[in-house]
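Each chain carries a letter (A, B, C and D) given by its place in the written order, and its residues are counted from 1.
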Amino acid sequence: MNIFFLAILLIGAGGVLALAAFKSYSLMKTGAVLAIIGGCGLGGYDAVKRLLQHTEPAVYNHTWLQVSTFSLKIDTVSAFFLVSVFVVSAVAALYSFQYLNDAKRATATAANYFFYALLIISMALVVCANNLVTFALAWELMSISSFFLVIYDVQKKATRDAGYIYFIFTQAGALFIFAGFGFLYSNTGSVGFEALASIPDSAKFIAFILILIGCGSKAGIIPLHIWLPYAHPAAPSHVSAVMSGVMIKIGIYGIVRFYLLLEPTSALFGQIVIVLGIISGILGVVYAIGKHDIKRLLAYHSVENIGIILLGLGIGMLGAATGNKTMAAFGFAGGLLHVFNHSLFKSLLFMGAGAVIQQTGTAKIDQLGGLIKKMPVTGRTFLVGSISISGLPPFNGFISEFLIYYGAFQGLQLQGASFLFSILAIISLAVIGGLAAACFTKVVGVVFLGEPRSDLAVRASEPGFSMVLAQLILAALCLTIGVWPDYFVQAAFRASQAIPLVADYEITQFMPIITNISRTVILFFLLILVVSIFRRFSYAGKEVTRSGTWGCGFTQPTVRMQYTGTSYGDTIVDFFRPFVRVRKKYSGINKIFPGETTYSSHIHDISEIGLNTFVVHPALYLLNKLRWIQHGNIQLYIGYIVLAIVVMLIFI
Amino acid sequence: MHISNIFLAMILLSVLLSLKSNRLAALVKLVAFQGIVVSAVPLVLNTAHGLSFSLIMFFLILVLVKGLLIPALMFIAVNKVVTSREIEPIIGYHASLFAGLIMIVLSVYITNSLHSINYPIYIANHPHLADFAANHKLLLVTGITTMGSGLILLMTRRKAITQVIGYLMMENGIYLIGTALAKVVHAQYVVEFAVLLDLLVAVLVMGIVLNNINHTFDDVDTALLGQLKD
Amino acid sequence: MLQFVFIIPLIAGIAVFFLPVKTGRVVLLSTAVIHAFFTTMEWFKLTGPLQTRYFSNSPEGMLLLAILSFLFIFISLYTVFYMSEVEMSKEPTFNGCMLLFLSAMSMVTIADHIIMFWVAVEATTLMSAPLIFIRRSKESLEATWKYVLICSVGIALALLGCFFVIFSMEISDIHVRISFTSLYAIAPQLNPLWLKAGFIFIVIGYGTKVGLAPMHTWLPDAHSESPTPASALLSGALLNCAFLGVYRCHQLMFAAGLGEYSSNVLIAFGLASMLVSAVFILNQKDYKRMLAYSSIENMGIITIGIGIGGLAAFGAMLHIIHHSLIKSSLFLSAGNMLLGYGTKLIDKTGGVLRLFPKTGITFFAGFVGISGFPPFGLFISELLIILGAIKAGRYVTVSIFIFSLILIFAGAAKLVMQMIFKDNENDEILVPDKWPRALPPIILLLTSLVLTIWLPDSIYQTIQNVISSIGGPVNG
Amino acid sequence: MEFTFSFASLLLLLVVFSLAPLFMGVILKVKAFFGGKQGAPLLIKYYTLIKLLRKGSVYSTSTTFIFKLGPIVSFVTAFMLLLFFPFAGLSPVLSFHGDVIMLFYLLGLGRFFTVLAALDTASPFEGMGAAREVFFSALAEATIFIILVLFFRLSGGSLSFAEYFSGNQVVNLWSQSAALIILVLIALFIILLTENSRVPVDDPATHLELTMIHEVMILDHSGPDLALIEMGSFCKMLFYSAFITCMLYPFHTGIAVFNFIIFITIMTLLYAGIGLVESITARYKMDMVPNFILTSFALVFFATILTMELV
């Protein structure tokens, strides 16, 4: 535990130092980044140690406000999440060193580092919290610090609105969680986590649903995801990386933790989670295909991946409910491993996007193109990230999805509803995979390949060293997990053994599968090598010329003729019409000698439309109707008092 | 026929008149009159067990405050302030008079219901106060009516001064109800004086504010005081 | 001696009227310190337990007295620097009335005799009235008029309520001193019907002063139109004092075994207040009014918490403490903005963070605190109230509670973010913000922060004693 | 479950792989016959490959390393499929429990790079083709995985090609759940046509870029690169047809030679069938294609639901 506190202390020191030394810009940045990285390294080391060697959970208690204690506990699940928290935060800090380079905004930068440190600390605390009050405290700290991180570019209106929406969602979510805690507390009579498994099933269900809503709004489960596509584009990229990579996973952690504490027996929990996973996964990726802003697109992909994670967890819960150990173990392990993997490649992608935006000054993918020639490293790392997020071998995304598939397939031996849910899970995983691949071929193809679509993209060049290094580290991690997954899979299984059902579950019989996967991957690389040698050989001594792309007989091809991201995704989006509102503006060709024509399309999020039309507007309308109360007329006011008395006397 | 009934009848009369009176000066006079009578009520009620010196002293002070000081303040206010001496009710005089009558009926009803509930117990506890209790009925009626009419004035009159008068009437009503119910209070003169002091200061403050309002708005019509709203 | 806490300010206040301005300020500050000194004496029972005919040091009274005294030190400090910025013609009157107001409020906190309590509450109204209309602007006069009249009417009704309570004692032929402490002892024998009636009138009467809907109507006007120190004192201290009356009567009902009824009444009024404030905080135009409505909301929360009892009551008590600290800090920051911009309109006050960094930070920190985020105390109190409410099985209450909390937060966040971050059209600054005026709000916020991290045991014990009489211990 | 490796199978694999171009020739022959033409020789595809391997290449100035990587990856991934597939009743070269998931994802990887290579050329037509390719294959994925679900159900928990076609619970037309297999066969044939971009989904022989899917994506490839792509598509075709073949007939006759001969015959017939379909049906409009694929999905899903009753 002491190492953990030391790490926390170090990170905090970094944040405070940034505030203290904001006068000298570079010193402040260096100090803060070093301290944060150091602290994260320390904490990460501790967490990994706990995860790999079977140590007893460390517990720390300190009475607080006389009514409760400030209580922490690090078990395998906490350790697992701690790893991704510390790893990603450290790398993002490294990235931020050259990403934030505007000496004129020294104070803003200092504040940014302070709240960044606070965010890391609070996330670590949430993951370790061991009673309701501590959890709530850490959760709220996390919300508030991330809010301040989002509004870094506060003079922009878009940023303020994004911060506002995020603020509301996070607070509403927190209140739902508190309500859920209320149900737990009212049944156990204590704020501790100990007795939760023994409360009646109805209370379990209500509490779980409330907590699911609260944590889901943080994790970005559709339809509670609305803040995500606003907040991530608004925030600076290292922040989006951490928020999308780690913070939304803390929401997942909340769901997992309370599932584990409640130990529900009904299959309903799993089924609900699976359904949410399917919705979030498929709609998330479809919206992503429809978006033209690269960071917004990535934000929707976070929604999609949360969906995949939920599918895994749901499968696990279903397995636990039906007593199918293999299903439970693989489902949970897959979900958890995907949490870690996604935190890696999603932050990698956000960093890449950040580099692109910093270099070109635009986030509109239809104005970019050919960037891989200008920024080779970023381009390649982004490619790695794209393959990983599409869940394709030989990268890490595939490993976790494989585990989830495996668990889901085990579910096929069940009968009735569970069988159907397993089928749905498998199919939606397949569809999500395919669509994700579609989406990222679009991103890579339109942003990094082809020719620049505007001169913004022409002026780009490789970003600063620290940014490149950060991306390289993450890309390397993605590849490592993809090729040698054994340790990571084992770690995920160890974490999943927190479920009582699979506590004694022996995974060694399944490890060969994982080994075989890595063998196959290596074989794949060997074949690639062989074939490329063969290719090199077959080109030996032949004349290889370069010329323009063949225009298919068209004599004046221009870069404007390239297929844009919009048209690329159009057919797919149309396919999902009822769930996706598409608004197209097309001026049309109407004259004999056509003049300038314009075309624009915009994708609307149905859950956002729904929220506005069914909740926000009616509520505001109703409340505005009540404004006459404060009429300003004193006689009326005295009338209120008399009225109150009369009413009370009637109901005496 | 107890003597106090005459006093109470006078109070009721003053209430009804104040509801239909259309001149401020008259209204103030009425309140002064009402104040004197109201402060006399405990005196006449306690004839049963004789007058004590302190009681008389207290009566004198009450009369001084309620019957002289406060009306005097009001007069000053009226003379300094008012441009038009009309009262300008929001609902007409007859209507408010009618409301007053309804108020009486209502209070009679309330009193009866209360008595039917409570007085059996009450008299059982205080047999020597049987007739006293009987008088209380009318006292209570008067008190409630006065208070209600005070509220009516507060709600239906436009002039700020009329509202002060309404407040005073309401205060009188409450005082009467207090006399009818809680005699213990009236045995503790410190508290009594404190309440009285508050009343005095309240009217004083209101007067000052009125004065300022008049200076700034050139009128004390509360219609002008409707600017702060949402 | 207990009475010093209101006698000394009284004398000092009267004196200040006739003293020159400079000395007046000195007297103001020194009185604040002396008051604090006597309060601590009382807090630690150094004068010994005390029970006069009209006064006593009840735990709840002591708690509020402590808050009041603490706030007053910093508010008076602020007042001094504030006065040096705005040249107020009637400054002695202002300072004097501040002190008289202090004395009246202190009297409320220690009053034990029912009528004496009433007298004290009415006194607070009268003493604070001059503070509000000291500027003699049209708005301030209107606000004062409404304040005085509505509160006087309400409190008159409370007097009627007191008579009913007394009668409920007499009718069952018991004769004890009509002070709260002695009534608790014999509460079960009181006549329930008349006690209920009394409770209704007292809740509505004092509720008018607390600002419970629908009797809250005067509050936004008075709080927004009065000069900054007065607003801070009104929101931070006066509302609590008025609430003491409601609370004491609830205690009495509880002792009489009518706790169920009174709880429901309190919760109903609390929810009404929260909803009303939600209605008016959404697209509010004036930031001081916004703060005033937020005070209504928070008093509603406290009422609900007290009504629910148990853990929620503990939460409510914490809420009283932290709300007083944070809200008065907010009002002081708002005062700084008012000095700087010369307007209370939200549309005309933009970019506070850029133009007035100190004030911007304190104001936003205060907002973060008031909307229930850590590290400030309202977070824990609201959490405890929700937990307690659900434990008490009041699900409807909780849902309305949460709903209106979200609404209010949504409304306030929009306005505050606009003020703090959005750029203003013109950057002209009337009065730059200075450390002396930025310091008191900061200190108040820090206090709330410290009390969140570490709550002294004596305070905890006091709160325990307070809520033990309304529905048992914390984990009840 | 462990990682098996058999040498005989490797030999067989090489033989079958070398025959792949011949089978494609068969299709062309059949189409020519129905077109009333004499048609190209059966070995035409071999000639094409040799010709391509002899040539050099012209690379677009817009392209990057991805353009060169595309053909390699697409070929390797397609070839790896064959490594794991049991031809003619022999055990596959390599196999492990759960390899199907891996292999279909490898195919996805191959597609990923083909598409990127197409987008790398900055040509509007290739982008168009890429868009269609990813969309249709995403739909096809659904069918493929529901087929896997069904097989898992029928074969009692198998997750590899080896397990499907060997052991006691095999999935083929002669097992007790033949009715379901028929539905699967139809679906699988549809997928075959889609994935290998044959008529009615796509027409490899068309000359209008606007109407192409797969062919348009490789417009700029030439020389050995193109040869690799061709070989990759041969492998893919071979894999799907072999898949269908193994479901049509259980290679239970002990003698390997017989199995081999039967296998080759069925394969030839299958290719001829494809040729037949191509010559008697017309190409669908683009917006019809999704329905076509969804039909296959519906069939298998129906079959899978039936298993709740039957199995």
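By our rule, a residue touches a chain if its C-beta (ideal position, glycine included) is under 8 Å from a C-beta of that chain, and two chains touch if they have at least 3 such contacts.
Because the structure is a prediction, the values reported are computed rather than measured.
Across all inter-chain contacts, the pair with the most C-beta pairs is A-D. Subunit C and subunit D, compared by their mean Cα positions, are separated by 78 Å. The distance from the centre of subunit A to the centre of subunit B, each centre being the mean of the chain's C-alpha atoms, comes to 70 Å. Look at where the CA atoms of subunit B average out and do the same for subunit D: the two points lie 101 Å apart. Per-chain CA centroids place subunit B at a distance of 31 Å from subunit C.
The set of subunit C residues that touch two or more partner chains comprises 145-146, 149, 153, 157, 193, 220, 280. Multi-chain contact residues of subunit D (touching two or more other chains): none found.
Residue positions 627, 630, 634, 638 of subunit A each touch two or more of the other chains.
According to the touch criterion at the top of this document, the contacting chain pairs are A-B, A-C, A-D, B-C.
Residue ranges of subunit A in contact with subunit C, taken from their complex: 64-67, 132-133, 136-137, 140-141, 143-144, 151, 154-155, 157, 160, 163-164, 167-168, 171-172, 175-176, 178-179, 181-183, 185-186, 189-191, 619-620, 623-624, 626-627, 629-630, 634, 637-638, 640-641, 643-645, 648-649, 652. Partner subunit B is touched in their complex by these residues of subunit A: 627, 630-635, 638-639, 642. Residues 90, 151, 154-157, 163, 222, 225-230 of subunit B are the ones that touch subunit A when the two sit in their complex. Partner subunit A is touched in their complex by these residues of subunit C: 145-146, 149-150, 153-154, 157, 193, 196-197, 200-201, 203-204, 208, 214-215, 217-218, 220, 265, 276, 278-280, 282, 311, 314, 353, 368, 371-375, 379-380, 382-384, 386-387, 389-391, 393, 398, 402, 405-407, 409-410, 413-414, 417-418, 421-423, 452-453, 455, 457, 460, 474-475. Within the complex, the subunit C residues that touch subunit B are 54, 113, 115-116, 118-119, 122-123, 125-126, 129-130, 133, 136-139, 141-146, 148-149, 152-153, 156-157, 159-160, 163-164, 166-167, 170-173, 175, 178, 191, 193-194, 220-221, 224-225, 280, 284, 289.
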